[in-house]
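Same chain, two partners: subunit A is paired with subunit B first, then with subunit C.
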Partner chain A sequence: MSVNGCVTTVQLGSLSQADKSQLHLLPCEIEHDGPAEISRFFTPTVKEQKCEKTVSFRGRGLKGQEVSCPQGYTGLVLKEVQRPSSDQEDRIVKVSSVFQNFVYWNLETLPTSDDGVVKAMAWPSLAEMIHAPVD
Partner chain B sequence: MDLGVFEADNSVSCRLASAVPEDCKNEDCCLGIDEAGRGPVLDSKTLSEAERENLFEKLDEAKSFVGWALQILSPNTISTSMLQRAKYNLNALSHDAAIGLVQFALDSGVQLKEVFVDTVGPAEKYEEKLSKRFSGIKVTVRPKADSLFPIVSAASICAKVARDRVVKDWKFAEDLGEVDTEYGSGYPNDPKTKSWMLKYLDPVFGYPQFVRFSWSTAQTLMDSKAVTEDGEKAAARQNNTSMLSYFGRNKPAGQTQTRETHRFFTERRLQTVDTL
Partner chain C sequence: MTTKKKRSPHTATDSWVVIAADSALETEKPQNGDPTFVKLKNPATGATSQYLFSSGDERVYEVKAFNEEYRSWFIGQMVQRDGRLLYVTPVDPVFLVLPYLQSGEVEGKFQPLQQVVMDEDYPACTRLLKCKQALESVHHVADEKEVSSQKFHRYNQEKTLEWLKKKVENTVTALKKTDIAVGGAVKSTTYVRVKQESDATEEDYLRYAHGLISEYISEELSKDLHKHLQLPEISSPKVEPPSKKRKLSDKPVEAGEDYTKFNSSDFARKAPKKMTAAQKSLAKVDKSGMKSMSAFFSPKVKQEKN
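Up next, the complex of A and B:
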């Protein structure tokens, strides 16, 4: 429940039809909401050596690494079914894609275990320990 | 001239060379350096592409006493170097390529006594830089050295022939299907170049790696026709904090919580989701 009292519902039925595309997290804000020609421009130019991936995006060198979702968790990309006309309305979202991992890209340097996104993946197991009963 | 090694991966730099003539290992010799490809494709008013190919064949016939080496800097290498955080400009790239080539000749056993270079940037400074780096070799750097010293004219032919062929046979790493090869001259106001640049501009990715992103024409077209991409926020993500946050502009609007989120969560950019 959100602060204004509205309920947001996730349509779990949409999970089976959800897309399973490879996700890429780029180190920049792209002011664009919509499709992108990833398979034409991006994927064919990615180079891979051991665990290290390299690519360039708009002339900038990126280095990337695959990051897995925490064990027992699934990543979801949600999409609003219908835009609400006011902030008082309940909202409905569907699962547009599911992912178990994504490629995390950094500018020029390889992602490290010090990067926020990489560290964030450890939270669920830490949370579990915190909330586990103390013997 | 076999460009196969470069064509196998045209996103990186590569060095190609002829065999070193025995004469060059046994007798004193000179080396000329010139570059091609900085300006538009059709930048040579003096010689046509066919004439250059002919002259290169003549050079090849003289292989008992003339050898050549090429350092190919791919457009992608140039873009990523020039646009990297610690800026590496085109002149510095060119100087380093030249230094690499002289060293390569020395390492190959060439009895190098004199080097002639077509300047990139101020000639005097460049000459001083090269002389310091290679003591014992007489270095001459001049503007328009390709029309002053025959050995630089020969270097210019090699560079331009390689450039012509690389452009003509460019294999796009991107999956673009049949690509229109009517690139035009490369001058921004050439109608062919203009229409190609518009045709292959992708709103998200900009251009294929064939285009140098550091080229102002490409930048201008992307600025006006492609979507915006913000690198400041990129830096913010990597350093966890943005400069802007110190001025209080990055605080999400409507944040009313009184208790501050622990650093553990902000560092990991974890947020409790209570609204969409």
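Up next, the complex of A and C:
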């Protein structure tokens, strides 16, 4: 079968067991995939004033803001159940976390509604209008 | 400038952060199975893109990535290097069926859809014919004939252009209710724009909506639609400021995560002729090839300065 014939199934049954993790979108690339002591070293240093958040991360002052998923949308972290041994195999992912909002962090600059992440949240409603059926 | 530390190569990702339409996660009947990500032919580029069928193939969704450079996630107590945010949003299946109808039109015959919408390179395309919206809306782009309770279709260009025009008009109406800036002018960089500029003309809206719809049709059809909308040709199009940091690409949950392969299909999209030199250079930088999406997310040049 062609590579394009492979499908990736989302195991929806896993949704009920998914945890509700706090997500942070950081303004740097971290060359690591795996556990870290985030609740010990990162979360406790987050300071909040009104809707603006600040945190010191590796000596850099980050400024952050919470963004919510658009209405009718849910945030999911999908995780592969088993690594495929080739690219000609069907794959399975499960929902490992669900979220309704997350915090994105800028390096030094104050978060504004002009930030890319905030604007990207308008995409779903735009998509809905482009793809609605025409009468 | 400080010397850039060389980044280590990406290893295979096995975790993705997704924002998905709730309707994509509904299972009406458990026996219909779970939603599945599949690969289909992108109707605008002809390249492979990632889509999702909801349970029972009732609806189809596209997958786009919001992808800023230098981003990673903290998820609970885990670090995820891949800082992309994937969007799973509805797509009108008629857009995906259209190229097959068009290529089936050569013979000028009425044919059953099952004979037209098939593709050995993209076997999942037959599932489009199970989507409710495809079956209910295909008459907008094709002539229909029913012979002994079997339906036959033939592509109709005039109908298609009318349908696309309605899509553009509906999109304009909806755009006006949002605060999305459709005008080409670059706004002040020092304060935050709260409301859309009031000087956006009807033509600005039409152009913007035409650009959005053009992401889902062939370049040729996009040009025909441009004529059909009676949009004047512009000699010096308003330049969309390129943004190196922001991009939405449409091939996220990629098998194997071979990043070279990943990008090649992005590059497969030909730069439309109407692009300016600046846009062409943008198209090279922006691996996503999502021209109007990048315009949508980068109406400003300011980010470069900060």
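In this text, the second predicted complex is superposed on the first by the 127 of 135 C-alpha atoms of A that agree within 3 Å, B and C clash if a C-alpha of one lies under 4 Å from a C-alpha of the other, contacts with A are read in each partner's own complex, and residues count from 1 in each chain.
Note that in this section contacts are C-beta pairs under 8 Å (C-beta built on N, C-alpha and C of every residue); 3 or more make two chains touch, one makes a residue touch a chain.
Just so you know, these numbers come straight off a predicted model, no measurement behind them.
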item: Partner chain(s) touched by A:Cys28 [first = subunit B, second = subunit C, both, neither]; value: both
item: Which superposed partner A:Ser113 touches (first subunit B, second subunit C, both, neither); value: second
item: Subunit B versus subunit C as contact partner of A:Thr9, first or second or both or neither; value: second
item: Of subunit C and subunit B, partner touching more subunit A residues; value: C
item: First, second, both or neither for A:Tyr73, with subunit B first and subunit C second; value: second
item: Which superposed partner A:Ile130 touches (first subunit B, second subunit C, both, neither); value: second
item: Subunit B and subunit C footprints on subunit A, overlapping residues; value: 1-4, 8, 26-32, 36-37, 39, 42, 78, 80, 91, 93, 109, 116-117, 119-120, 123
item: Residue ranges of subunit B in contact with subunit A within the complex; value: 11, 76, 79-80, 82-85, 173-176, 202-206, 208-209, 212-214, 222, 227-231, 233-235, 237-238, 240, 267-270, 274-276
item: Subunit A residues touching subunit B - in the complex, by the definition given at the top; value: 1-4, 8, 26-32, 36-37, 39-45, 47, 56-61, 78, 80, 91, 93, 106-109, 115-117, 119-120, 123
item: Residues on subunit C engaged by subunit A in the complex (per definition of touch); value: 7-8, 11-23, 25, 27, 33-39, 48, 52, 55, 62, 64, 66, 68-83, 85, 87, 89-92, 95, 120-124, 133, 136-137, 140, 163, 166-167, 170-171, 174-175, 178, 180, 192-194, 212-213, 216, 243, 245-246, 248, 253, 255-256, 258, 293, 296-298, 300, 302, 306
item: Contacting residues of subunit A [partner subunit C, same complex]; value: 1-13, 15, 19, 21-39, 42, 69-70, 72-80, 83-84, 87, 91, 93, 96-97, 109, 112-114, 116-117, 119-120, 122-134
